[in-house]
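Pasting the structures in now, so scroll down.
In the two assemblies presented below, chain A is common to both, partnered first by chain B and then by chain C.
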Partner chain A sequence: MPVVHEHSERMKKFKNKGKDTAALRRQRVEVNIELRKAKKDEQILKRRSISIVSLEKSPSPAEEKNTIAPLSLEEIVEAVNGSNTSLQLQATQAARRILSRQKDPPLNQIIELGIIPRLVEFLSRTDNATLQFEAAWALTNIASGTSEHTRAVVEGGAIPAFISLLSSPHMHISEQSVWALGNIAGDGPLYRDALINCNVIPPLLALVSPVTPVGFLRNITWTLSNLCRNKNPYPPLQAVRQLLPVITCLLEHKDKDIVSDSCWAVSYLTDGSNDRIQIVVDTGILPRLVELMGSPEMIIMTPALRAIGNVVTGTDEQTQAAIDAGVLPVLPLLLRHTKPAIQKEAAWALSNIAAGPCQQIQQLITCGLLQPLVELLDKGDFKAQKEAVWAVANLTTGGTVEQVVELVQSGVLKPLLNLLLAKDSKTILVILDSISNLFLAAEKLGETERLCLLVEELDGLEKIEALQTHDNNMVYRAALNIIEKYFSGEVRELLLLLI
Partner chain B sequence: MFVTDCRREFYDVIVSQRVLLLVASDVDALCACKILQALFQCDHVQYTLVPVSGWQELETAFLEHKDQFKYFVFINCGANVDLLEILQPEEDTYFFVCDSHRPINVVNVYNETQVKLLVKQGDDLDVPAYDDIFRDEEDEEELSEDESDGSEPSDKRRRFEEEVIERTARRRQRREWEARRREILFDYEQYEYHGTSSAMVMFDLAWIMSKDLNDMLWWAIVGLTDQWVQDKITQMKYVTDIGVLQRHVSRHNHRNEDEENSLSIDCMRIAFEYDLRLALYQHWSLYESLCNTSYTSANLKLWSVQGQKRLQEFLADMGLPLKQVKQKFNSMDMSLKENLREMIEESANKFGMKDLRVQTFSIHFGFKNKFLASDIVYATASLMESIEKEGPETTNFIKALDSLSRGNLDKLHQGLDLAKKQLCAIQQTVASCICTNLVISQGPFLYCSLMEGMPDVKLFSKPVSLCLLSKYLLKSFVCSTKNKRCKLLPLIMAAPMDVEQGTVIMVGIPPETESSDKKNFFGRAFEKAADSTNSRTLHNHFDMSIIELKTEDRSKFLDALISLLS
Partner chain C sequence: MGKKSKRTADSSSSEDEEEYVVEKVLDRRVVKVSDPQEHNTWEPEKNLDCPELISEFMKKYKKMKEGDGNKAREKAESGKRKGLPASAEDIKAKKKRESNDIARGFERGLEPEKIIGATDSCGDLMFLMKWKDTDEADLVLAKEANLKCPQIVIAFYEERLTWHAYPEDTDSKEREAAKS
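On to the complex of A and B.
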């Protein structure tokens, strides 16, 4: 019998497909397949790390193709400074190629050649579009480096040259100029304002039209966003007023990259004092931003959320405008988002809305935000939890007694008390503050004892007592304060009496 | 990865560990195993030996032992498949692979951590370059990553060389690269062949560590001779390796070189010989050996009356009386034996057998025991595939392994007897296949199928015996056929394997030509044919050109093979 059995076992292993032994084995070890895949990838990674050196040495075929007759740096200098137009072009092209290779472009070396002023000169050679283009590209790439590199380009006189090239009849040249100007604007407020003072905005905005190709428009949008970017100082209000209508238009575009960069522009503009927020609110784009906040595309959702988050840091009216635009129903989704960064940003916005008057708090409650808030406190990413704690504190500070009761009924106490175990003193202080606020509300209702029991039941008293030994003096005092006020004297006596 | 310093990266690593030895069922593997065992014995290494006859057994053995062992040594198995893929070892498990099967799987070659290949340095491997077959997937990752996260846009951006054009160019490049990769891998994996004998690799290790003994050297010789007898390597490779071993032989055996009286009961002496390639002739009669050696039998066409006549003429030419020739070689007249090799060679030349003598080695031990390396190979191989069932599956393996030790003369003699039976059976089967025209040309290859009920057919359900038969048959067929085209064809041979289950064992061998590179494309072809016809095949053997197949699927499988190779 065992022999027969052995045979049938053996026959089972005859597979219908003759492919290879591996296919046969898959049956037996099915469960582990996923695991093995992962392991194999890892092994490939390991292999990869070993051979990386040899990989780097050999240039890619594409690079090889492009450097058929590479010029030396000396040859480039000579030709660029020479008077032979075709050699100038050849050398500029060579420089551009060196600057656009993937790995370690020699920015410093090129700058040290001292050819930037010549390249800037070439920008105005309207008789030779190819030369203009190559020079523009080369300068773009130099300006893409560190501040030093960008400065070399600006000091070579590139700003006016590029601005006038914006209106070049050749689209690829004007696009390249947009790109270069974007790099200069992105360097910081100084060059940004230098550009604005050179009147970059009108010709730039003139490029935006319904027929502008998407790729070009992306570059324009990005450059516009860089003109809105950076503080200390903020971009001039006049410039912002010029830019906003076009940005508002771009927010409606179909292309997600354009929408994303427009959102970022708005987020920069709202990241400031209330009067700057007001300018944005006045354009009426908040409903669109709220809509974009719910986009499935991370690259759109993130900046839209940030912009709205900035708006609700503003005045009560500005916050109300955001609420009116429908921000509250969108927030639960974002509070429950898988990405911690989104959770955090959403909780931050929520905390700012909770800091408003009780009508706004009521709207917040009505829109069902307490539940996701409690969930976030319970299970969220720690940074998001910290923001959520702030939301609770703000709500307990500004909310009516009824609103606070509603918060407690949503189950906020348990996760809130659990967070007392956090390492961060600031967070602990905010929680203790919130607890004090809860007790104040309880006092008004005559429910202090009930709250005491609730806190004890949830092991909160234990945690608060433990905080009396906390290193941070403020924490210690806040904890002591709560205990003396609500958990000493009468309550204890009462408990003793019961025993 | 390839081990460059066998001692440091292999032996020193395992010497302090518990080791599992997985040894394939071929004579070279046994010899390599013997050498390693001897080393292990010197250094008190704890090891467990598990014979494995195919991938299934290999895998089972691994699964059974993977919890107790972290260090595995594979002998003559494992190199030509992706071991990590089929065995899924834990990360702290290490595979040391000493295997003559080629081509070596590229993942085994380029895995830097767990798979260590013990391969003779200088072996021509032609492994594709890493960059030609592995490629980082960063390009795609970059693109998709950019899109998924919502981080702030960069404040400055560099414009790269023709971004859009480059992206499509990159995509095109990638497609081209993939096509090229397929081509490279196809070229690399297309042919199966064998590299330096594992026994020789192990002997090298022993030698490097100055732990080589004459016994080990003999096993290395037998390992190499096995490759030659099984026709696994080219004549060129054989002669080169013989040269390598000859240096070791003179180093180990120079002491008694010119002393006639050096024989003693425990002496052991290895000598280089330019001897007759007549199978087992010193333990048989010259006549029987002539009849049952493939070389002489094929060249003289002994299956025909004509051929038998030629044999008589041949013997007459040498001036050897039939009576002498037919009695045991040991009992032949000393006077006849004196210049026997030269005499036979001279006559053989006249009969078109120019290569009747080959470079080989002999071993003497005790007073009367003398063997040629090929004697040992035949004996050991026969023991391993003995069909006389006794005890568990591993009995044959252990017996064969033991027969390699000097102390086990009785087993060796038992093996010699079996080998003679095997050679006779092969010769008779070859004769009957040729006489009844069982070898048919299928176009791209010759095909011969043994029928159930033929004498000795059971013997040929074993892979090594079937391969040997195939090779002898092809040689004889090439000598017998007048069709010039057929002389250049490879041969596929099938034999009943398990009647109850209705399966056949099938082996494909490369063409029998003077300049044959011994490379075999049937492994891949079998896989493809099985794949395209959904034939029920089992690719279990370490040689991919040996498969098991359901008898009912045979015709569609062959049809697919014909159209594939035409």
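On to the complex of A and C.
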């Protein structure tokens, strides 16, 4: 008898016909191992009440709703409001998943379910850390929406609950709470101060230590920056004094995100009245800020520049502190930066330094800032040019006659006069004001006619004349004034002779 | 130099006119009459080829300044302009936590004990890691785990190895059974 025939007869008795023994065996073995694995995992995971399905399948956001979290919104509500912990957890996790999807999570829908107070309750469930964590995450994402959304979370009683969780023994839970509180603080001064009044700062600062993991520290720094953020009103002085030492410390960290957010915090704190600026200056932080202004990392350089820019809007002493910290040599690079926004802010800072006493103007000149200023005036971005115009105006107002002469010698007149063609009335006025000031200096030296010649040569006269018919009242009057005062009939004839 | 001489020549030719002009101007304002012989100019330094004249120029200004005493001009107002409006560079006031943010287990500073599952739902292969001395588990990137705790990763894979177990034995057993 052929062995094959016997073999195939025997085969028919087997469960899976047509498969050869080897394949069958392989199949059996695999199935056994799979079963063993699944059983073991299930046992481990059951202790944590995590659905095993979340591990083995690959839920795409679309799939999730249908296959993985088959919980409908009604089922979520029911489970959340019920008393079965396992179901509460499943439902909360399902809600968290919906809320953390990338595209347009339905915050309004979830809020309308009315489950927020219950989720806030879950925050205090020390018997189940996973439940606390999932609830914290879900609430964080709701609070990340509009003011309305954040309000819904706050009104559910989230603030004290999250502040308590800052001291949770589970790091991922305290971290999630830091995040949620950051969102709440970031909503505006009202909630920011509500948090401060609920004593959020001490437990928050307690989380900062040399052994805090970097990811966690990033979140903390960001939340701290939100506590410094916003005006009307500014954060309470007492709070600022508590936060500054830690922020000063974080400014020295090697992680660039942490340094960036710390700089932003300082920029918020310096964006205000001079007494606020003084508190920051007193920390001795200025040299570090100036150093960071020179960073090649945009996320660090931008807020550092903003902070220093804010400092030099202060008193002459505060501005001097910035100069002493070395801001002037760093500015030329920034005035020539490729990004228009950076050019603009650097020019703005320069204009405010130029508004200082002539000793500071001298330092400005000595550090070679006239050249980049003129370049910016000539070919910078328009917004930056506007700031540069202010810088020139301030130099002509506050500079000594000598300094004004240096300004003119640096070639500022040509691009300045060209900007008279700008559409912006305010800018034109500032330029005309500068020109008047130049003539005042010229008068002191008896050089008005020379200046007239120069202006005419640079095609400035025709531009000023044209402005006599400008729509803006103040513009045409200023232009008229200059023409009448310095380009009188006789001088005019003189000029005509020379052309 | 051509341009300059021209101007100079013109000035000198109009010297008489200049006097005339100055007299007229005197009606309107007080002016220090400049010495037409001086070559002072307001042109940018780089256009000038006579540095001696520049230093003469500067000397004259210094003299003038001394004569003036202190800076004559009063500063109108403080001149400082506060608060540039916030730009798009500002950081976000609020942040949502997305699902793919989840694999940060190692950052929590815990010690890995055992991998209890694997998933690639976020695109990258990730392990569910149980940590020592705690009941917690969370996701870590397989890439990270391979570097940080390779033995644990190996243990995970070893446990799940499937074998083509004893093909000859089972085969011959079956044949034995068939024969009998």
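Points worth noting:
Here is the rule we go by: the second predicted complex is superposed on the first by the 422 of 499 C-alpha atoms of A that agree within 3 Å, B and C clash if a C-alpha of one lies under 4 Å from a C-alpha of the other, contacts with A are read in each partner's own complex, and residues count from 1 in each chain.
Definition applied: a contact is a pair of C-beta atoms (placed from the backbone, for glycine too) under 8 Å apart; a residue touches a chain by one contact, two chains touch by 3 or more.
The model shown is predicted, which means the values in this text are computed figures rather than measured ones.
Contacts of A:Ser100 after superposition: both chain B and chain C are touched. Shared-chain residue A:Gln409: touches chain C; no touch with chain B. In the superposed model, A:Ala466 makes contact with neither chain B nor chain C. Of the two partner chains placed by the overlay, neither chain B nor chain C lies in contact with A:Leu421.
Within the superposed three-chain arrangement, the count of touched residues of chain A is higher for C, of the candidates chain B and chain C.
In the superposed model, A:Asp187 lies in contact with both chain B and chain C.
In the superposition on chain A, A:Thr400 contacts chain C only, with no contact to chain B. When the two structures are aligned on the shared chain, A:Met301 is found in touch with chain B, with no touch to chain C.
Across the two superposed structures, the residue set of chain A contacted by chain B and also by chain C is 7, 10, 21-22, 25, 29, 44, 47-48, 50, 54-55, 58, 97, 99-102, 105, 137, 140-141, 143-145, 150, 176, 179, 182-183, 186-187, 215, 222, 225-226, 229, 260-261, 264, 302-303, 341. Partner chain B is touched in their complex by these residues of chain A: 7, 10-11, 13-22, 24-25, 28-29, 32, 35-36, 39-40, 43-44, 46-48, 50-51, 54-55, 58, 61-63, 66, 97, 99-102, 105, 137, 140-141, 143-145, 150, 176, 179, 182-183, 186-187, 215, 222, 225-226, 229, 260-261, 264, 298-303, 341-342.
Against chain C, the residues of chain A that register as touching in their complex are 6-7, 10, 21-22, 25-26, 29-30, 33, 37, 41, 44-45, 47-48, 50, 52, 54-59, 97, 99-102, 105, 129, 137, 140-141, 143-145, 150, 170-172, 176, 179, 182-183, 186-187, 211, 213-216, 222, 225-226, 229, 260-261, 264, 271, 302-303, 306, 309-310, 312-314, 341, 344-345, 348, 351-352, 354-356, 358, 390, 394, 397-398, 400-402, 405, 408-411, 437, 440, 442-451, 453-454, 485, 488, 490-491, 494, 497-498. Considering their complex, residues 7, 10, 14, 17, 20-21, 24-25, 28-29, 31-34, 40-46, 58, 60-62, 64-65, 68, 71-73, 75-76, 78-84, 87-100, 104, 107-109, 116-121, 128, 130, 135-138, 159-160, 162-165, 167, 170-171, 174, 178 of chain C touch chain A.
Interface residues of chain B facing chain A in the complex, by the touch rule stated above, are 55-56, 59, 81-82, 84-86, 88, 91, 110-114, 130-131, 134, 136, 147-161, 164, 166, 169-170, 173, 498, 500-501, 503, 526-527, 529-531, 533-540, 547-548, 550.
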